[in-house]
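Take this structure first; my questions come after.
Think of it as A, B, C and D in the order they're written, each chain with its own count starting at 1.
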């Protein structure tokens, strides 16, 4: 057994060697073999992140902002280039294989999702870097992040920080670290890597949530809630991992699935654990729960509205988009690579979750009065739609989910970017009643937001429709027609509240003291423009991207 | 690769929409004329299509085929049969009149202070956009392509209803605004729900074709050929579910009792031209789709559902007429009249006789023109008086005889008086129904009495009697308004005495449709005996 | 003794931790309970590693500790900052955002 | 010649077109154009008539096919004309009387600023009526049928500013529509049975009808009867005719006396082939006719409004015609003959009434007339002749035509014959009574004039020549027409080829019938003289017997309609409007509301407390775990 294990073990297989050496001499110390080229996107991002930290440490304060922005954009772009290069080399399709001694899988889904995440991150950086929206503080442009995270809100210390023109430019490295984690998450090919990646992208997000410049109380509250619940969920994930390890004697996806299929070489130890399906099923359930928490599926969604509302809007946008992509990637890999053998166990359960998610998300959103919470609940509903695609358990299912994630993430980014523009004295005016008559005062912004809403609602000729059609089609072909029906009904409910916002913006008279639409710098404008462009392109001519997703639809085992 | 006439017919108005929208705020009039110009250009193109269409030729003509989204089995397949080309021409014909009639509708929305706010441009651009989408929907020979535009056209319509609604509201401006947005939302949600249910059916259809043909497709031709070749056969239950999914969407759009309640709100709250756009243009897509998709794709299920649908449509006829009699609001009255008329159309379609279906098609055209005439004149009337309540009118014919006259002609067309177009179609529908389902035919015939009732009551209360307060100074029709109404009336008269040009184009297509459902006209009892 | 008992213990610890998260108000304590759950997991890992006779479990335990440490860093930072703002570490005070 | 038929219709149609679209610039000349085109049409008619007389009986029928109207597979509706003796008779009557009434209207409407439109409508009516009688198929006939309905609607409501007029017009159209249902269903039946609705196809095929198709043919008969009832104001659809008198008097004369109301008789006669094959339908027809002739007569006795009295009489006279037509070959010819003579004298009477009103500030209440004979002699004489004609004074038109009908009724034979015959006789008596009453109240006795609303004392005077001349012409018609027709039964010979004719075998001799009619005539006149001639007529109507009061209210038939149909309808629509809002719409809004409510309730779960979120997570996990294990268990 030990031989076989050594072969399939990941980075820590080395240590297993240590243990083995007790039996046979130290000459059999295998050096871990890492394919740096194939991990380059991740490495680049982490590298740049570290550089960013150093920049924070050593650059004079006035240069940091520029430096950080440039660094992040360049780094992310480079990483994206690396992804493209890998895809060109065919790592997405023919040469797809498992790198880093079984820790990371480099295959179609990985590259597609990494690409998506990186693009999303680039756009997110633009919104992070926006400095025109808030009124100037002491003659300086300020972004939407706290001057000094540690300073107590309203304290002299904070005032001093603002006066001194402090800005938390460390958000950029934090973002990069999160992105790094997200890049690994869908690529993770053993449960440990999965867990570590999860933490790596979660922790920076916790901090980012706490860093809002306005409404800091809410921001901190969001952070606390996110953190505690996140930690709670990762505890479940970890326990699930433990149980699966106990079942299979390994955390490597390949080994676990082999054990499940009974194709793995038996050992006495395995023999008396594999008999015990309770370990397997409970483990499976708890790991799934950990991931469902990240995608915000009912009933693990409750953190979403609060966190989305409290966090600084650029962060919310980034989270809403990127986290979903990463988490669904991981979920897909887990379900398609590790647990295909258990399809008959997890499918009914996920059916239930998907239905609950679609319906409850849509229904609760109907009575929301805050734009950000509204979008939060809509993201819950969308998680449900994506789950329907996941449940197709087919290649088309995978590719449809990939496509949906790409389409959805850009719409979300765009929508939240627009939210940052509508402001009044107290910062962003997120209460819906304040949006009345926006269409009159600034038709363009309202129109753009309307486009995003229509995309969310899945109106034809928008990316939302293409995505929704793709997943429902896959689900229907996968024999999940009931899911499609429920999905259709809940999208009808969902349509109601998107429409309500449009009515509010266009058909109701503007408030006298209504919020003003800040004129953004090219940064945010670009971000929104990209959002609109992607929405329309994926809506009108999705063929190319569908092909891409289709090609990328195969997991390496 | 011949000249893509059909694409052009749709692209021209779309382009017009963009250009109109781009006209700077100050140049309102320019925007209006630009839009009008494009709509006329579209009319020319449609006319060309009508002329180039050869009734004795193949079923679908002027076809264009491209793949749009392979993975979705979505093709950009265009082609027209007699029915489609007729309805396209109707649409293209009505739009200029709608624009002229609504020439000043957006003016009250204009605000001097805000340069970015351009309601006029928006209004006319939206109308053109609707036209483009409707035209595509008529031209599509790919189920999914049709669905996309069937669904997408809701959005511009929605803005037209909610954004440019009727300001003449009894209950004050605020209440008016509330009513408007309620109507707009109601319109959108009803149709969206219908559309989404249809989406489920569309996906189901794809799954079915994908399972049986290997690759899923939405191309009408491919599906029909496959079925003809026996490669595609839907299980009875599947076919019925899919049929219901499609029919529900169309029945909402058409609208069929009891899914009609959005129409009175929508038509009541929007200005007359938009109301015409709804009932005369957009709703036709629903009835057209029944004829094109329900019958062709699901012949067996259609036959299975026929009795129920006939009952519903007869209910629509009587119910709509009765409610029209009971209305206090001119536009709502016309709306319910339309409900009744759509009942006739659907009755004709599902009577499954050539008279019924030709009649139904003709009915779509005639109803479009007659409702346009009646509704637009009503609109002129309402804008003059600033109220939609019948009670606020009286003795108009004394002060504005021409207006009253045109209104009467519109009304007479609505009650389908012989000599005016709607009579022909209504009688065809009735006789077509009667020849297969006498009972339904007879009940439906009662509708013509009720039609006389609501039209004449409306005319009597508004136009005759002593001149009411607020009517005295009322001006008669202006030139622009005459330009709108006169051609419509002329058309009503022409098609009333000589509908042959239309029937000649429609009949062959109807023959095809009937052969799809394997139905032939019942032979007269006497011949049957011999 | 039978290593399976360790599993029971870890399950028990995990449950205690979870219960703690649910019933304790003080953010720090809640967080400690989470840590307890993580340690329960560690115990499980080690036990299983013993059962399977390979070291992976033990290695993972180390990883978990590191991650837990990182969590402590971030978590305490956040909790402390909110404590300084509100002068209370009760998680129940933090409900500005609801519904 | 064939083209001339088309022109016959086209001329007045053209007139209508010109006058109705011409605008104000035609106000001064409009009436002349209208009259001219009517006369042109009459001229064409005369030419065609001469031509027809020229041919021998077999070739007399002219047909002209203009264009295909509605071609849909089996359903081929043509626009084609067929001019045979029957239609010729009508064409002459319509264009002749029509032209006269155009001329009359020139004077009568002289002071109406909307005169142009009036003539436009009159022309429209002529066109439609000609279309009706010239159509060579039922579908085209239906077009004319509704066309005259429209014209009648427009003309009854010509004085739209009078609510009563507008209401009357609406009522007329809607009641007629009820009849039209009959016609359209009849056409549908023909189409589904014979595959056509052209006279030329249907009539031969009726003969071939066998088995169940007999029932169908009977059905068609009933449907056509329903149509006839509507158009010809027969019970139970007669209620509109009385109100129709709201229209200008020339209209009442032309449309609601001479021509349009007789369309029903035309329809039945034209469909003789169908009715001959459907005895049950015929029975229905004669019943309707008999009932109506009494009904109308009784109503006529009670009315004080001169026009309404005449309207009652019209109803009753048409009752005679319908009954005759229902008798089959025995009666067709006489139905038409009476129709023509009635056209003359009833038009004359109406024009006379119009002339009287003209002189009396449009007063219509006969109780406010009296002693007018000396003030308007010509009117008196012409009206008097019309009166003598209608009561069937020997030698005048009515005498010939009506007696023939009574004979025919008896000739029907059997109990039926007796019943019908005696009904007809009774009708004759009542006719004599109420017409004498009208005559006396209007022209004899002492003045009972009263100032009109504005307080103008009436200054009765003879009407202008434009009005009197037509009256005189019609008077001639009412005197001699019947005689001319009966000279060696010319009229019978004329129509026989179209309608067929049989003498039947009357149980009572012609002489007896004539004697009987004379008797009843004398009785009727005498009774009237006794009631109205000998003692002064009260200026306000006495309460009168129950029957009188009922008769004044059209024998309560109108009240019935009002209570049952109008009120009931109003309640129905009102409740439907309510239901549509509360039920049909309510269901949808209810669903929306319930979703909203559910949303509101679900929201509360999101209470902002981390720990409750944690609970839901834990609960969720427990659920998922349990479910997973369960899946394996089952």
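By our rule, a residue touches a chain if its C-beta (ideal position, glycine included) is under 8 Å from a C-beta of that chain, and two chains touch if they have at least 3 such contacts.
Source: prediction; values computed, not measured.
Shared contact partners of subunit A and subunit D, listed by label, are B, C. Chain centres defined as mean CA positions place B nearest to the mean of all protein CA atoms. Rounded to a whole number, the gap between the C-alpha centres of subunit A and subunit C is 24 angstrom. With centres set at the average Cα position, the gap from subunit B to subunit C is 65 Å. Taking the mean of the C-alpha atoms as each chain's centre, subunit B and subunit D sit 37 Å apart. Remark: subunit A and subunit B have CA centroids separated by 45 Å (rounded to whole angstrom). Multi-chain contact residues, meaning those touching two or more other chains, occur in subunit D at positions 592, 603, 606, 608, 610, 614. Shared interface positions of subunit A, defined as residues touching 2 or more other chains, are 224-225, 228, 232, 305-306, 496. Residues of subunit B in contact with at least two other chains: 189.
Which chains touch which is summed up as A-B, A-C, A-D, B-D, C-D.
Of all the residues in subunit D, the ones that touch subunit B in their complex are 20, 67-75, 79, 139, 142-143, 145-147, 150, 153, 157, 160-163, 165-167, 169-170, 173-174, 177-178, 180-181, 184-185, 187-188, 191-196, 205, 208-210, 212-213, 216, 569, 572-574, 576-577, 580, 584-585, 588, 592. Those residues of subunit D that touch subunit A in the complex are listed here as 592, 595-596, 598-600, 602-603, 605-606, 608, 610, 612-614, 616-617, 619-621, 623-625, 627-629, 631-632. Against subunit C, in their complex, subunit A makes its touches with residues 2, 5, 9, 12, 15-16, 18-19, 149-150, 152-153, 192, 195-196, 199, 203, 206-207, 210, 216-218, 220-225, 227-228, 231-232, 235, 238-239, 241-243, 245-246, 249-251, 267, 269-270, 273, 305-306, 309-310, 373.
Chain contact summary for the complex, subunit C toward subunit D: residues 18, 21-23, 25, 30, 91-92, 94-99.
Against subunit A, in their complex, subunit B makes its touches with residues 68-72, 111, 114, 116-118, 147-149, 151-152, 154-155, 158-159, 162-163, 177, 180-181, 184-185, 188-189, 192-193, 196-197, 199-200, 203-204, 206-207, 210-211, 216.
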